[in-house]
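These are the structures, in structure tokens.
There are two complexes below, and they share subunit A, which is joined by subunit B in the first and by subunit C in the second.
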Partner chain A sequence: MKLRCDRRSVLKGMLGGSAVYVGLPMLDVFLNTNGTAFANGAPLPVRFGTYFWGLGLTDTPAGGTRWVPTKVGPGYDLMPELEALAAVKEKVSVFSGFRAIGDGRANLVHWTGHASILSGVAPATATRFDAASFDTKVADAIGTSTRFKSIDIDASVSRQPVSYSTRTGATFASPDSTPLALYTRLFGPDFQDPNSDDWKPNPAIMLRQSVLSAVTEQRRELMKGLGRDDQLKMDQYFSSVRDMENQLAVQLQKPEKREACVLPQAPKDPARISSVDVVNSNTKVMAKLLAMGLACNQSRVFTFVHTSGASETYLPGQSKIYHQITHDEPTDARLGYQPETSKLANEVMKGLGTFLAELDAIKEGEGTLLDNAIVLAFSDTGYAKIHAIENIPMFLAGRAGGRHKAGQHIAGKGAPVTRVSLTAMQLAGAPVGEFGVGSMKTSNPIGEVIA
Partner chain B sequence: MNSIGRAGIALAAFAAPCVAMAAWTKAYVVEWNEPAIYYGAKAGVIDPGTDCPQGTNPEIDWVKVLMEAGYTREEAEWLRNPANPTRSPVHGQNQMAFRGKARANVYVNPTSTPDPGLVGVSGTLAEGLDLDGNAKTGFTSPDGEKGIDNNFYKTVGCWKTYRGPRRLSSGALQFNDSMRNGAWTTLIVVAGQGDDPMNDKDVNVGFYLSDDKMVKDGNGNIAPDYTFSIKPHARYEAIFPARIKNGVITSTKAVSGVLREPAYWRDLELERAQIKLTMKADGSLSGYVGGYRPWEHVYKGWVNARGPVIEALTWVQLPGVYYALRRNADYSPSGAKGEKTHISYALRVDALPAFVMSPDASQQVAAVASYKSLAPAETGRVSGLFPQVVDGIFIDPKAKQQAGPNAVITPPENIAKAKE
Partner chain C sequence: MSTKTYSVGVLLTATVLAFASHAATPAQRPEQAAAMKVGLRRITETQYRHTIADVFGPGIKVEARFEPERREDGLLALGSAMLSLTSSGFEQYFALGRSISEEVLSESRREAAVTCRPSDPAGADDDCARHFVTHYGELLLRRPLTAAEIQSRLEISARGAKQAGDFYAGLELALTSLLIAPDFLFRVESAEPDPAHPEQYRLDAFSKATRLSFLLWDSTPDLQLLAAARSGALHSQQELDKQVDRMIASPKFQDGARAFFADMFQLDGFGNLVKDPAIYPKFDQSVAESAREQMLLRSMDLLVRQQGDYRDLFTSRQSYLNRSLAAVYQVPYASKSPWMAYEFPNDSERSGILTDIGFLSLHAHPGTSSPTRRGIKVLEIFMCQATPQPPANVDFSAVQDSTKGTVRGRLLDHMENEGCSGCHRRTDPLGLALEHFDGLGQLRTMENGTPIDVSAELKDVRIEGARGVAEYLRNEPKVPACLVRNVYSYGVGSKTYGRDKAYLTAQTQAFIASGYRFPTLVRQIASSAEFFKIVAPKSKSNAPIAAATVTQLQSTAE
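Our next item is the complex of A and B:
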């Protein structure tokens, strides 16, 4: 029998009583001549992520703004608080004027905004979402062939780790909240270098998978004797077990070679204080690790928190935190905005600029990792002084492998934030046609930015 | 009478109280309401103006305040340090409460500390109503009317949360944004017995709550002409006998009533309440609801909203607010010689035309009447913004260290060394 020879080819065998799948080495012949896709025409993988920061950007009730471009469409003007994005401007679309719509539910401060963006519904209580966050849908669609379905990162140095990724609405992901923790997850003992010439399946992983396989057999036997409803319940219960089996199976395959993948050095953790310089430094280190983790195909989906909704960050040496300043600083009559708030917003946006620059620094084919990614960056409020959930700043960064017509400013004019969420999902390649509930239910992505 | 007829009568009895139908009615939904704060500057919030010649009350040096309360500089600076784990980024530094005599909690014992002061309005103009019928007392309105009683404004008018151009003070923005996003809805029904709604000597004006939420248009403005049903409420209701002259509705008799207020303390409990509302050519309604309100409830509203947060964000010392409200109180329900437990106040109201239905939504209201008899009894009122707030501070039972008179306040060694 002739052996199939492509990037998905595997050698199937037994080792130590366990079945193992050994992939063929990734050869140049698997890529096309331009390095833009695999040889069979399959595109390079699109990565998807969310990037969250707290307290929005500077707005004023009188209509002034420090971030909404005056020009709509391509070639938008770089407003003061967008200057940190200058280097990647052509890869970033700006979405202004979108709002969370509560349908009668009260605005739960520092919660309703991002809960609406992520889950499609204004939540009833300020401790949970009323639906799963949509990054999990994307992970289910594009994240099953990597070691980690999703990587959850919190760079905020908050007192409690922060993540807004949830499958149930009630419990949230446990993020890696230090650079060392992230490094260990990505490149620790279980990391398999895709470029290594002496790759061998990890016996520890094989053992773990064999244990789960035994569980699988037991589950099958158990399921035979159950009624339909109980079978459904058991199926839900074991879905996480199956996820783990799949992830382990991935690790038992010889990974595809990744030219951009270079094993980084283990970082040192920064001081556990949440001043904005420390948070931005943390963001840079963790973005670099994440970027390499994506380049090394450890995951295709991530969630990243720069600062929490009621951000704890502050300028070093100051006794007032950013959150307090957004509320207590009066609008300067001459300038027309809150100058200290704007100063801190600029600092916070440097975090996003740095984050995107790290993704853009990884060469991949003829472009960069950012060209093959789509990142939804967003906040929890519009005008933070009053916790407004209108005009919440949202950005789509990265070209999504060419699907995103980037570099535009889209004025939402009161449209629901879920339109941007749906657009992000579709650009990431998730088969989702509709998103949201009630007034935020939409099947209408923003066509202007979709190629 | 058959059973269907009897059932119909029973349903109608629930739908609306038994009152005579008015000759005409007009109905509105309140799209904005805020304390009537006359703004005397040209622009900005903190800038000097005729109302507040020195501008708003300035930002407070909390380290200095804490040291004056007996804390050492090191303790005071550590309490205000964002790296201090006892200082919550959301709920503030609870130890701020304990700066009274013998470190008493100044939020619940404001007189345990000397009056730190709250600069009030020194201008002569104010918005509102002549509540006591005495043109010789009070402010002058911007259009020249004498006797405007608004000591609430006199007290808080230079507090930056209240101060600002119309619809632009931070407090008004915050609470109206909440209302407009569905936190509550207030309806106004005007009903008259004459044949000219612009000139009618026999009018009643009712203020009611609704569970139906306002709808925003594409620009974020409240859309007019939507339909709302009255929600009978045991407390929030006020009915004003009035007259209309050239479209201006004024009270003919002072009443007692309670409105839902755009503030942390939700009850606007008014004694000797009056209205002055103008029916505008575009169909909208604007003006004032005024009366005397219990001043201590205003203070408690701010305390229960978490004293340390309010003080830090709004640039006041809450004991100063307590002293100022007490000092400016100008009404006693028990008579002229009684304790002044109330302070004159006016709420500025903007309302849009709407359709207002009976509580069961079966018919448009055709009169102004009380629906209190249809309201369920109130149970389990939430006294403040957060149930976890006790004596003005947010209690986290999981916290490693609780604030209090005897709390040990020692910065970590590395912080102390870094300072050296």
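Our next item is the complex of A and C:
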């Protein structure tokens, strides 16, 4: 289990994986950092996650930016819409001026932006990505020794559960979308307390394994004669079965002790209301559960949705939703921005502040869980009024076990968003040296933030 | 399992597959051809539930969170042909399969579920287990199991029985493995060479039976239908007609029709519908669920029970209410039963399914109505007219503060704007005519102190209010054609193409000639040869199926 990421496994990954993820330029960085960290059996692994919110932040063509710091580099100035991050500012890097590039493909509103960040390519249609989202690649690299390869969470109280994590581009993860559902998944009947002294393997789990093997035995027969698209679907099915096999295998091993792990109380689900105060309190409760799930080593990877692309959240009692306001509200000539929209952006950013604070509240070794994590937080648009996919706000939060030189502002000056994605993958310890397609193809992470 | 072994595993599998297809020389084609699979559709939540109830009895609990479904070209049935299963989805099905198996083989139920008796209840019994696996395997997988599939279940069963000292504990494991099998969770459609035309393929009899039973019953084929498939009789028109008549006469046809209309009318968003409690204090989850049920009751009563005219769906004042809905409709509830039939008065603005609060509230915002959403949905659901994505760089500078006056002013700006007008001129008038209903579907005549104008211009027709929309739909030829297209696509699991046009036109004419009767339409389609048509899946180059005579079609849909 140790030393999962040596040179040999990278080379094998190259042979088995797709060409987009071939990773030679990366080798040095990743052996110097991750390789040694795991080789000496360090008990605190790096966790990786994505955090998404809808409708960007305020940065108008009139120059009325509310979030882009004026200072570049360390010690950036905390702009009004970033105030919710004040408590964790030193652990957060801000990325401005990065853009999604369609190479002639239309800007599919509230879709192209985050699809580009996650999959590295502007998609052809607004229901799919043209490639897997990169969190699944990170999960494959660092998530196989825990019970769950990834935990997908949706706090948005939307009409349909929202997730932008996908292995095929067509089928998206089905997230836990209430606190109780998340609690049950992490700490329900199959949870094994890593700090328990009388751990015994559960014989029923071995029988469950035999149930799965009856299914995998028939794989070849089933694959025979399937068309290409159907083969992809079956590949995903069998990969899901494999994840379950892995889950059972993990449960048959005595878990390592985790000092920070304390079984939480089962939460109550809130009323289904999508106003921003409810979404934020949902975010807090779910972040707390997630943080404990990570501390208890149930997973090392997560995806979190605060609000969806064309977000339906709103200020309580207000008849218009945030999305509508971003489009309808005139720009205040004196201020140079839309005041109501900026107010909502502030509310939405409180969600991110709360989320990171919960990760930071768990003590681990000398630091906190957030110090041992790297979270890519991002949105679907830059300036939402015109569906801009330039200057999409992106943040890297957490110190990635010391690998992230956090607390900086990086100005992208029109560089592709994929550079930030690639940086996130490398900080998380995934053996990926190149990411993206066409003008968004890059093998150039943002060196300034990598230790 | 480490990353290393995973990567190697992928590599080996790929090699094996490549080798297998390479080895398929033309001389071996007959065997290869028989294995051609032409469709793979994930079963839906209701299909899962109906199957479990039909196979094991209605008392079995099915408690799980199902994977989200996705709508393609207006139908979840088409989305189901695109979707696979995620890790957390599989986790759910695995847990659900275990709990169903446990209940089916619980002490109180096992006598009914297992017709043979084990020689030793505390140990393995291959004969009895084989009987169990063969019987339930065929019902769940919708075809007889292969010898290997049976054998692997017998092995699990024996191992479980020995370890637990309980024959039924072994069966539980075998049943769970059937309930998580890809052939259960997905409908795998297979084609075989057609004996009448050896160069062509036809859907095999079990796949035909499955198309029928999922269209007509939203469930797995029963023993009679499976018998007709096994004997091959189902390939004859006479037997097909007989089975279709039998299935439409069954009470389970209600389940099939309900599932179809729930899909076509897009009634899947109610579980998660949210409204702002300060603006719509009467809204709660019970109102949302009742609103959905009301739309289904109206449809089922008119279209299935009375076998009425489909066009009456838009104009009939006959509806159903329960206590939660009565409050929203402001009608006194005078019945002791949970639902009562209710006829809206002659002069009411409520008439037809578009004025049900279900339609009105689902296609609105949390705190306001939305003429655009409602308009889009009228066109999409009832006329099969898709609306393109909005353009990205819209200039909203003309749009001014709309907290004053009615929403009409804001939308008129869209209709004037060059980039927006193409779509908004089509979508908004239908929605604006429904503006006497707020975001929850409650009647109103004023917005922000201004009287609401519900007149609208559509091409060269002028309509007035909800009744105008209803009359418009009643007379619109796209409306029956859209129903026909949806029944066909829903059953076949594929979009319609240019070459289906003649067939669909003929079906639409027959539907009109029948007086717009839904059961007649379903009977016509289910017993037509086109219903069992196959489309060869796209394959990688040089795969054996590339030689098949079935044409690969390009979509000509709008």
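Methods note: the second predicted complex is superposed on the first by the 379 of 451 C-alpha atoms of A that agree within 3 Å, B and C clash if a C-alpha of one lies under 4 Å from a C-alpha of the other, contacts with A are read in each partner's own complex, and residues count from 1 in each chain.
The criterion applied here is as follows: contacts are C-beta pairs under 8 Å (C-beta built on N, C-alpha and C of every residue); 3 or more make two chains touch, one makes a residue touch a chain.
Keep in mind it's a predicted model, so treat the numbers as computed, not measured.
**Student:** Who does A:G104 touch here: subunit B (first), subunit C (second), both, or neither?
**Tutor:** It touches subunit B, and subunit C stays clear.
**Student:** Counting only touches as set out at the top, which of subunit B and subunit C does A:K385 meet: first, second, both, neither?
**Tutor:** Both partners, subunit B and subunit C.
**Student:** Quick check on the superposed pair: does A:K413 touch subunit B, subunit C, both, or neither? Answer first, second, both or neither.
**Tutor:** first
**Student:** Kindly classify A:S311 by the partners it touches after superposition: subunit B alone (first), subunit C alone (second), both, or neither?
**Tutor:** Once the two structures are laid over each other on A, A:S311 reaches subunit B alone.
**Student:** For A:V432, decide between first (touching subunit B), second (touching subunit C), both and neither.
**Tutor:** In the superposed model, A:V432 contacts neither subunit B nor subunit C.
**Student:** Where does A:L359 make contact in the superposed view: on subunit B (first), on subunit C (second), on both, or on neither?
**Tutor:** Touch partners of A:L359: none, neither subunit B nor subunit C.
**Student:** Of the two partner chains, subunit B (first) and subunit C (second), which one does A:H327 touch, if any: first, second, both, or neither?
**Tutor:** Both partners.
**Student:** Quick check for you: in the superposed arrangement, does A:L44 touch first (subunit B), second (subunit C), both or neither?
**Tutor:** Neither subunit B nor subunit C is touched by A:L44.
**Student:** Which of the two, subunit B or subunit C, is in touch with more residues of subunit A?
**Tutor:** C
**Student:** Could you pull out which residues of subunit A sit against subunit B in one structure and against subunit C in the other?
**Tutor:** Residues 106-107, 159, 273-275, 312, 314, 318-321, 324, 327-328, 330, 385-387, 389 of subunit A touch both subunit B and subunit C.
**Student:** Flag every residue of subunit C that touches subunit A in the complex, lowest number first.
**Tutor:** 1-4, 6-11, 14, 16-17, 20, 32, 35-40, 65, 67-68, 70, 72, 82-92, 94, 98, 146, 148-149, 152-153, 155-156, 159-160, 163-164, 173-174, 176-177, 180-183, 185-186, 188, 190, 269, 272-274, 276-279, 285, 365-368, 389-394, 396-397, 399-403, 410, 439, 536-540, 544-545
**Student:** Sort out for me which residues of subunit A touch subunit C in the complex.
**Tutor:** 1, 4-5, 8-9, 12-13, 15-17, 106-109, 126-127, 140-141, 144, 148-150, 152, 157-161, 167-168, 170-176, 181, 185, 203, 207-208, 210-215, 217-218, 220-230, 232-234, 236-247, 249, 271-275, 312, 314, 316-321, 324, 327-328, 330, 385-387, 389
**Student:** Over in the complex, which subunit B residues touch subunit A? Could you list them?
**Tutor:** Touch list, subunit B to subunit A: 42-47, 56, 59, 62-63, 77, 80-83, 85, 89-90, 160, 168, 170, 173-174, 177-178, 181-183, 213, 216-220, 312-315.
**Student:** Touching residues of subunit A toward subunit B in the complex: what are they?
**Tutor:** Touch residues, subunit A against subunit B: 61-62, 99, 102-107, 110, 159, 273-275, 310-312, 314, 318-321, 323-324, 327-328, 330-334, 383, 385-390, 413-414.
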